Structures are given as structure tokens and as C-alpha cells.
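Before any comments, here is the structure.
Chain IDs A, B, C, D and E follow the sequence of writing; residue 1 opens each chain.
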Amino acid sequence: MTGPLHGTPALGDEFVKGLWRDNPVFVQVLGMCPALAVSNTARNALAMGLATSFVLILSNAVISSLRHVIPKQVRIATYILVIATFVTVVDYAIQAVSLDLHKALGAFISLIVVNCLILGRAEAFASKHGIGRSLLDGLGMGAGFTVALFSLGAVREILGSGTLFGIQVFHADFQPWIVMILPSGGFFTLAAWLLVFNAVTARRARAAEPLEAPR
Amino acid sequence: MTAPARTLEIRTSPHMVSGYSVDTIMFNVVVALLPVTAFAVYAFGLAALLVLSTATVTCLLTERVACRLSGRASSLGDWSVAITGLLYGLTLPPGLPLWMVVVGGVVAVALGKALFGGLGCNPFNPALVGRAFLQAAFPVAMTTWSPAFTSDRFTALGSSTLTLPFTRPLYDAVTSATPLALWKFERQASEVGELALGFIGGSTGETSALLILVGGAYLVARNMMSWQIPVAIFAAVAAFSGALHGLDPETYASPTFMLFSGGLMLGAVFMATDMVGSPMTSGACLLYGAGIGMLVVVIRVWGGMPEGVMYAILLANACTIHLDRWIRPRVYGATAQEAPR
Amino acid sequence: MISLGLKSFRHGIHPPEAKDETSGLAIRQFPFAPLLIVPLVQHLGKPSLPLVREGETVVRGQRLARPDGFMSVSMHAPASGTVKSIGPTPSISGRMVPAVFLEPQPGSTQEVMEGTPCPLASATPEEIVAAIQDAGIVGLGGAGFPTHAKLRIPPERHVDTLIINGAECEPYLTTDHRVMLEQRDDVFTGIRYLLKVTGAERAIVALEANKPDAAQHLRSGLPGDLSASVEVLRVKYPQGAEKMLISALLGREVPSGGLPLDVHALCVNVATTAEIGRLLPHGRGIQERVITITGPAVQHKGNYRIPIGTPLRFLLGEVGVEEDVTRVFLGGPMMGAAAPSLDIAITKGTSGVVAFDATRAERSHRTVYPCIRCGYCLDACPMRLDPAQLGSLARSQEYARMADEFHLMDCFECGSCSFVCPSHIPLVQQFRFAKAAVRKAGAHG
Amino acid sequence: MSGPPVVQESPPSAWHMYRAMVGVGLGCGLLIVSVFQLTGPTIARNRAEALRRAIFEVLPGAGSSRTFRVAANDRFEPTEAAGQPGDRLVHAGYDAEQRLVGLAIEAEGMGYQDVIRLLYGYSFAEDAVIGIRVLESRETPGLGDRIETDPAFLANFQRLDVALAPDGSALANPIQAVKRGEKEHAWQVDGITGATISSVAIADILNKSAAWWVPRIRRSLDDFREAP
Amino acid sequence: MSDAPLWSIFVNACLINNFVLAYFLGLCPFLGVSGKLATATRMGGAVTFVMLVSSICAFGIQQLLVAIDAPYLRLISFIAVIASTVQLVEMFIKKTSPALFRALGIFLPLITTNCAILGLALFQTNKGFDFAQCLAYALGAGAGFTLALVLIAGLREKLELATVPDVVRGTALSLVLAGLLSIAFMGFAGLGG
């Protein structure tokens, strides 16, 4: 019941790792399926990211707290049940707050259920760690996911519509690049972000090599 | 009569090679494109000249940068980027703002070619990737056509060409419609003679069917192009649209109109036949061409856009590897059961 | 030469023929070199076992070595003279092989020693096969496959057609052409021997349409009692490859990994046939062969009857070559090997010597471009393989996949793909390497 | 909730599994139902508000509305705003004096990318469509989606003629889209340049829907007279 | 209620609004399995099959939920019923047709929680399709998924032997290919009308 084998990492690290080192989108390329479709504006992307984070954090907490009660054989079914519940909650909450937003996100809110990120964290982390850690992990991963989704949405909206959160950022004569709000633009933007990440990681690895060698 | 003293060069057989080389083939394609290019400039004047030269220069520069970034030797010498640039320019509307031409050119070479590893690795025709990107990004600009053969075409530029970067182009009052759009939206057919000679509106290089065919014939005669592809495309388009036209001449355009309008000629002769993106065996080429032909008719007749050649070729490009795999000549002496995988 | 309507195979290429300069020149006897080097490996199979010792005097045509095993053949002295030594010598492949160094005796009459004749009328097939092995006959087309081994047909197999291969498709070479013109009767005698051995019902002499005089000559002299015919084929490379020949003439395909025997056919090179017809009635062995010496760097081009073992340096010196000769191939320019040095000797399998000088050599250092999938190689490959795919797999060193999925082992390295490749990718070289790797891995053949 | 202090080594009994599943299921169910109860009224209010806004937008001058469904005998009878599944609904709008302004009708059809759903207002007094609002569409942004924003295009629907043929069974002139600037008749829709398919789609959807609704409404006008 | 003809629903789900290329659904298997053509084809077959099964399930559940007036249970019951039905079908195939199981079966557990499957169930419910329309929609979506998977797999296999720069290799390359394919598929727009 102590931490993982290599000793327990600092609590803060559970949060920070999701932002960069293990960023769910840019590094692990997880959970993009149900999210990419609504990343055509910054608002939708942010809402989707927050909704996903909400589900992620709460399901992490619940699953972590139930981890000793749930027999192994039925754990996946239970996880799905828990996640689906929170997704339904989010779905209704968004409807109550803004119908327009709900219309924009559509069925993709419900699809958070099958976001591999959430089930993945439940299985890989929450089922093995305490509530505090699981909460932090959910927070970190959720934040990483939200930031990633937002950076996709922001790029797509700025180029594709010339606006950010609906506010004009360019001169009125700006010619929007409509392709960016089309699905193909989503693919390209994600690919571009991945390229940037790959390039940065590769450069860091090169830079770090001589330093790490003696260790 | 002394025995030679010099050291010998050791190379493995064969010690003879044909005169063909990638750069000669590509250079000949450029040559074959020249009449079309010249006509484009003649028909659309200064605007076309600017579009074509901007397109070519952008593509060349992008390739140069891409080569440097990836640490490869400069590949400008193989002429393939020149083809990409020229072809890409020929598919654009003559009045397209030059900044858009630059954007598409960068996309064509960077996204369509360099990302995949350069010459020979690009699954899609780079020129069409650039054009398709522009079509998706700036649909209005890409479907606004300036008229051909205006009297002041060599002295004046349309207002759109020199639009400031990233701003919306403003068009002169006079824009023309392509024959395909006229047919699609107004059921108005153009004269086939005018279509063949190119006295119509459209992309810079797609208007003169005759010159395109001349260029294609030159390449076929030099065995630098697969004749199967254009022939199969023409046959499929003629057969399919002919059948439809026979059923209902009011709704469906005649096969001659279908053949000579839009980018079909340019696409069939110069784009679909791009060696990298097309299948390798003649059987597969026939099927590939037939597929393009059918798709063109389907998209033109039932689809949302008046023109579908670009999409048809891109989709066929994606199928090339499957065609190559299915239609492979039976290996000599291989038993029939041993189907090629 | 366009020859539509004639029989041929699918695919193939049309390299420049370059045969005109030598095809009209009659075969001339070549002088003896001061030192002849007779390698004991001039065939596939184990080295022959020497029968002579250092310092021993030998007579031209005397047996120098006896076969060691089934795939091995005898060697005969190319000249009367003294055995200087027995030791290693470089071969065309670059490896060192054992050889007999023979110093011809100046002023000798060079009379050829007679052996035990193998009379056509009375010899049994087994005796003929043994005589062929004793005569040291191997395929003179270039591969060096021992002819007797080919002729040992298992009893359950049956051959209906004997194909005499006169389709000399390699550019530059005209030896077979000259042999057909000048040794017609030897060819016919050889056919009689071979028909008797194989039990085939008929023989077909196949040659390409670019040798009309040879076809005419053979046809006009065809004996009435010989069930043989002359078939003229389209000019196309590699028409002379066994498998291509069989499919052109008989419309049958040798199964992958199989032998011509599997389709009831047997191919023998026309020069080999002529040697059988020339040597067997006298019980002699091969001590010389006809070679085309040509190429832009050669001054006295022509067809020469050259003693086996003549060193390349002497040979080139005799015919005279330009000072700056840079490339010398043994065999034709398509499948022949480049000579690594001028110290190697002419062997039974050498059908030609082609020399280029620096100025007239083909541009040797061409830029290698990436494959542009032009498909030329697919249209060229006579085996209908996919050299483009094989090439890209070779670059990724996926040798097993090349063999399993893309029939690598069916490639016989004719060079057609490399010839047409506009990207100048050394395809054949890659395939040769891959085949070796696959054989080494032991998964195949 | 605290688990047993020691992790069980033996496989859990079926009872354990049932207990866990049912327990979790109950918890989840409870949560869902309470959230649904909690948000239900707000959501219903939001929906109704959105619908009212849409109705008032396509029926200028209307201040209240009432929903009717088509009954079996092709007559109209009042129903709640959401109706029952399978109902064909029409919303009647009334002005401040409780006079019938017109009827808001939902229609849908295939657009360029996907189905377009729209609401249009029909005024029998003018025998015309008097307003239109796209409820749902996935048309190409910046091009096809101008059917929602292009003022010149929307101006078509301030008075689009849907008069019936003399026998009252069909439209006298089918609604059709024409090229921009070539509108000649009141029943024609002036298209959007570059978005021809979407413009045509709107015209087609309206034409089909009006051809179904207008004759029925005309026949049973009295059903709507009564204000709420 | 939707009165769209069946062919239009099929074409729409298969080509115009392709699940992968327009909705980004099923990206995980798309990126994971699309490396080899043989696997891609079988995966596509399995997905089409599961789509049909879950479409039927979802249609049934929706009818039931409307009858008992419990819309809030939609998501939970969709995912539970679809998952367990697929599992049952998997067992059934294993018993009755080992050959089919070898071809499709190994993919079934992977697919169960695939967003394309749940997406199909949700979309068809939102669109209010009747039973035949649901089937056409499921078939179209499955065919479209298979088509996209097979095309990408072919391209990726081809590029495996190409000189792709290291930074690009991997997921980014697949995404670029998907983006280009998505652009090419725009040619189909408008066909459904």
C-alpha cells in the first residue's frame, strides 16, 4: 500500500507531469477521437476540455476511493458505469447553462465516455493510488488535455475565422483560412503541434545527452 | 600496341544503361507544358504571367528550404519541382491574389512532398495538394474567374491579383463563369469548338484542350508518359457521360462537352499521369484512369461542385498502391494458385 | 531491327546491339601467350583435381585435371609446353582459385593430341554423357554449368524438345553468330549426339532475327534425316535466357524454382553444341574457345579462337587497346562481369571481352535519384517481377520479404531493370546482394 | 467508505461482485436522477425560451405562441410545445391583440454537407413565407453557412410567395432558387454566389414543406383562430 | 423524424460525413491498426459488423427509453448494452465459426469501447432514424470507416519504405495523411442530395 516501486514522487509532480512530460494529447496522443471534432473554435475546445477534465477528476476520485471494494473481475464495467454517470451529469449541466454550447458540442459530450484518456487513467492510476494523488493526477491530466485542446482550438479559430472566442483579432479585411475549421484543418493542426513537440523533444534529448551520460 | 596500364573500374553489371534519366524525363514534361503555359499567358495576360511565375518560384524556394532543413542535397536539378510549380500555377484562377498563390505553393511542396521524404515518396500529386488546400481554404477566391482575352490584359492587372497578404481580395465587377458552372447551375452548354481551342474562362492552364493534347502526345511519343491513363480517363468519361446524355440530354451534358470542359484535359494528361502517384503496370493504369473518369462524372453530375477532376485524381492517388498490389503481372513460372498478395 | 510477328516472350528491353562491327568478321586463331593460366575452376562445382606435376611436359589436348565429383569436369592442356607451377590465381569474382601455369613450348607444332573417340553410331547415351564430362564441356554461354550434369535426365523425366540456343542477345557479342556460320556441321553433329542422349523427338535451333545469314545458312544445310528446325525469334533482350527461350518457342513456362526439364525441354548453347560435335568424334577436350573481342577501346575487333588460359593483359595487348581503357568486361555488357585486374585468364565460360576507354565509356558516375515509380522496370523484367518494390525493400534490408512475397529468387540478374531505370538505382546489384543474404539465411534455395 | 484493510487473495465471491455492481449502480442512478431532476426545469425553460425566440423571429410581430399537432383527420389540435414523438407540429404566433400573425413550421432536408433544419414563418394573410431561421446546419463555414447570415439572402424570405393553385391542392408556383440578381418573381429565391447548392437546398426544403403544409393549413384555418 | 432516402443516408455516412475523416471518430484504432493493410481490412470488417449490431441495439433501447420516459439513462444503457451484446456476439462467433473469429474476433474487444460505435448510436438517435434508416446509416458508417482505414493503411505501408524525415514519422504522418484524405473526400460533398 505504499507508493510505486521507485519511491513516491513528489505530489506536485503528479500534477505537473500531465502538463508537459506525459501530456495526454501531444505526447501520448490519447483521447483525441471524441475531442478533435469540436476543436474548431476556442470556446468549444475549452468547454470540451473542461467537461472532460471534470469527468476525469471526479471519476478518478471515485474510482480511487472505491478501489478496495470493487472486485477485479468487474472493475472495468464499474469504471464505465461511473464515467458514464459523470458524463451524463456534465451533459445536463451544460444544457442547463447554455443550450447554444450544448448544440455546438452535440453528441460529442456524450462521447467523453469512450475517451480512452479517462478509462486509461482510471485503470492505470486511480485504481492503484490514493484519493489525493488520483485527484492531482486527474487535475494534471485534465489541465494538460484542456491546454492541448485549447491550443488546437485557438489556432484553428484564429486562422479559420480570424477571431478568438468570437472576438475579431485581425483587421476586418482578414481573409479567413476556412480549411482550418474544416476537419482536415483539425488533422493538420494536431499534426503540426505534434511536429513541434517532436522537434522540441528531439532537440532536448540531444542537448541533454552529454549531461545525462555520466549518471 | 601496349597493354593498358591504367587502373580498371570495377562495377557490377549491367554495364549499359538506357539514355533515360529522371532529370531528362522531368525536363521533357516541362517542355511539354510550355505551349500550354504560353497560351495561358496569351489568354489571360499579365495576371497569368504573375500567377505562374509566383507559383513556380514559390515551389522552387520551398523545395530548396525543405532540402536544407532535412539535410538532403538540393534537388532542384531534377526538374520535378519545376513541374509541380508550373502545374500548380496552371490550375489556379488567373486573378487569384498572389499571396494565396504563395500559400498554396508552400503547402504543395512542404505538405505534399517534403514531409513525406521528397521526390518519389509523395503519395499525392503535390500540385493538386496545393490547389486542394487553397480550394478548401479560400473557396470564394478559388471559384472567381476573370474573363479571358480582355483587351487590356497585357497592360492592366485585375484588382485582386495584388491584394495585400492575408486580406480579402476585391474583384472587379466583371468576372466570368466557367463552362462547367454555366452548365451545372444554368444548364447552358458552351460551344465545343471554343472549348477545344480555349477561348473560355477557367483556370490559367486548363482552357486550351488542344495544346494540352499536343504536349501529352509529345510525351507519349517519347515514352515518358503512360498513354493508358489519359486514354482510360477519356474513355470512361465519354462512356459514362454518353450513357447519361443518351438517357436524358436535357439534364446531362454531352460527352464532348464533358471531355473538353474544365480541368479534365490538363488533369488527365499532366496530373493523373504523374509517375510517382500513378500505378506502375499498364493494367493498373487503365483501371486507375477509368476510376478517375467515373469519379469525375459522378462529382460533376451529382456532387456539389461543378468540377471534380482534382478530387478524382487525389482519391485515385490514394488508391494507387492498392491497384499496384492487386494488378501485378503474374510472375513468370508462378502457379496460378499463388496469387500475388 | 523491328521484327514484329516473330515469336518472343513478354516484357524485355532493346539495348543497342552494337554487333555490326564484328558479326561479319570470320573467326581467327589467336597466338599463344608466353604463359597460360588454366584455372581449375571454370565451372560450377568443385575444382578439378590436377593430374600433372610441376615441371612436367604436356602435349596440347592432354588432360591436365580430372573431375572431382558429379558437377566437376576435366581440364585439358591448351598448348604443348611445360607446367611451370600449380598455384592460386585471381578469378573474375575476385577470389583466388587453384590454377595450372603452363608455359607453351616455342616452336612446337602444337598438334592436338587425339583421345578415345566416342562414335555417334555405337555409343550409348551414358557413354556420351561420360565423354562430354571427359571433354570438359561446360555451358559456353557464360554460366559455366557442366553440360553433362544437365544431360543426366532422371529416368522418370522425359524431354520432347531440345532447344539449341543461338539467340545471342547480349549486345556486342557475335561468337555464336560466327560459330553457326562457320561450324554448321559441328552444330548438326552435336545435335545428333544430344538428341541421342536426351531422347528428344526434335531439336529447334533458335536465333534472333538480327542473324538472318546464320538462319539461312543453317536452314540450307539441314540434313534431311535430322529432326531439327531453325526458328527465328524477335530481337529482344534477354531472348537468350533459357526460360525466355522456352516460353517464346514452346509457350511453356518453367515453374518458379524449377528446371526446363519440368516442361519437357532442354536448352543447350549453340557453341556448346558445336564443341560437342567437334570434340567427341575425336575424343578431344576443350582447349580453346571462340571469343568476341570488341568495344570502343579495341583496335582490332573480331572473333578469335583463343586458347583457354590466355591472360587478359596479353589478349588486350595483342588486339591493341587505347591507352586509357578503364573498363573491361568478360561476357556481354548486360550480364558480364567487370574484370578486376588484367591478370585473370580467359576461361571456358568467357564469351566475349568488351573494353571501354575513359572518353567513350558511358557516363559512369550518374546521379542516383529516388525511385519515381515510373514502372519502366516492371515493363522490362522478363520474369515479370516488381523490381521497384524489390528495390525499396532491399534498401530497408527486408530480404526475407523480398523472397517470400516478391519472388526475389526468380531473378536471374539479366540487368534489364537497371538498364531502363531512369533513377540509376543499382537494382541488380541490390538483388544479387539480397539473394546472397537470403541463401545465407538458409530460408530459401 | 473504507475498504477492508487487507487485499483479498482468493477470488471474490459472486456475492461480492453483485454487491459492488449493484452498489455502484445504485449510487450512479441516484446521482443521475437527482441531477436530472435538478436541471430538468432549467433545461425545459431554456428550450421553451429558445423555441419562442425562434418563433417570434420568423413571425415578426408575434408576442405569444401556441403549438398544434396534426390530428388523424388532418385537422389541427393544440398540444404542449414539445409534442409527442412522431407528431407533426406547427406553432401559431399571436400578436398583442391575440390576433393570429402566422404559423411557424419546422422543415428539414439535405444540404451540401448534411441535413439542414430550419424554422420558417408562414403568414396566410400575405400568402407568403415571412421569416426564416436555420436551426441546424453543417454547411461549409464562410461559404454555405451564409444561408444563415447573408442579409441579401435572408431578405428573400421577408415575403416569399407560396400562394396555392386555384384547386387548393398545391403551390401555384414552386419555390425555386435563381442566380443572384436574377430574381423576377415573388416565388423565386435570389441565390448566394459561391454557395449555389446551399441556396438551392433551402429553396427545395421550403418548397417541399410548404407544398405539404400550406394546403392543409388553408383548409383548417379556423383551428388556429382561438388565442391561448 | 427524418425522411431521407436510404441511399442518401448511406452515401452521407460513408463518403460525405465519413466518421473518421469528418468526425474524427475511431481515431485510436485508425492510428493504431492502420499500419498493415491485411489488419486494416479485417478491422474494418469487424467495425462494420459491430456497428450493425450496436445500431440495432441502440434502436431498441431508444424505443424502450421513450416508452418508459427515462432519457437520462440513454448514455449508460447504450454503453452497457452495446458492450455486453458485442461480448455475447464474440462468444457466439467463437463457438460457431472459429474461422470468422480468427478473422474478426480478435478485434472485437478493442472495438467495444470505440467512440465510432457509441457515436453511431448517439447520432442515429439524434437524427431520429427509423429501423431501416438505422441499418443504412450503420452500413454506411462501417463502409466509410473501412474505406478510410484501408486507404490510410495502403499509404502508410507505401511510406514505410520511403525516406520520411524522422520528426514526421509516426502519428504526425498518419494525421497529415488523414488530413489530405479528408480534403480529397471533400469532393464527395453534395452527393447526398
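Points to keep in mind about this one:
The working rule: a contact is a pair of C-beta atoms (placed from the backbone, for glycine too) under 8 Å apart; a residue touches a chain by one contact, two chains touch by 3 or more.
Source: prediction; values computed, not measured.
Looking at the partners of chain C and chain E together, the chains they share are B. Shared contact partners of chain B and chain D are A, E.
Using the average of C-alpha coordinates as each chain's centre, C ends up farthest from chain E. The greater number of contacting C-beta pairs, out of the two interfaces A-D and D-E, is seen for A-D.
Each chain gets a centre from the mean of its Cα atoms; the one farthest from the centre of chain B is C. Nearest to the overall CA centre, using the mean of each chain's CA atoms, is chain B.
If you average the Cα atoms of chain D and of chain E, the two centres end up 29 Å apart.
Measuring from the averaged C-alpha position of chain B to that of chain E gives a distance of 33 Å. Centres computed as Cα averages put chain A at a distance of 41 Å from chain B. Centre-to-centre separation between chain B and chain C, using Cα means, comes to 48 Å.
Within chain E, the positions touching two or more other chains are listed as 72, 76, 162-163, 168, 173, 176, 180, 183, 186, 189-190, 193.
Taken residue by residue, chain A touches two or more other chains at 77, 81, 84-85, 88, 92, 178-179, 182, 184-185, 188, whereas all remaining positions touch fewer. Among the residues of chain B, those in touch with two or more other chains are 111, 117-118, 120-121, 133, 136, 139, 304. Inter-chain contacts occur between A-B, A-D, A-E, B-C, B-D, B-E, C-E, D-E.
Chain B contributes residues 70, 111-112, 115-118, 120-121, 123-124, 129, 132-133, 135-136, 295, 298-299, 302-305, 308, 310-312, 314-315, 317-319, 321-322, 325 to its touches with chain E in the complex. Taken together, the chain A residues at the contact with chain B in this complex read 170-171, 173-175, 177-180, 182, 184-185, 188. Taken together, the chain B residues at the contact with chain C in this complex read 1-18, 20-25, 77-78, 80, 117-121, 226, 275-276, 278-282, 328-335, 341. Of all residues in chain B, those touching chain A in their complex are 100, 111, 133, 136-139, 141, 164, 166-169. Of all residues in chain E, those touching chain C in their complex are 160-163.
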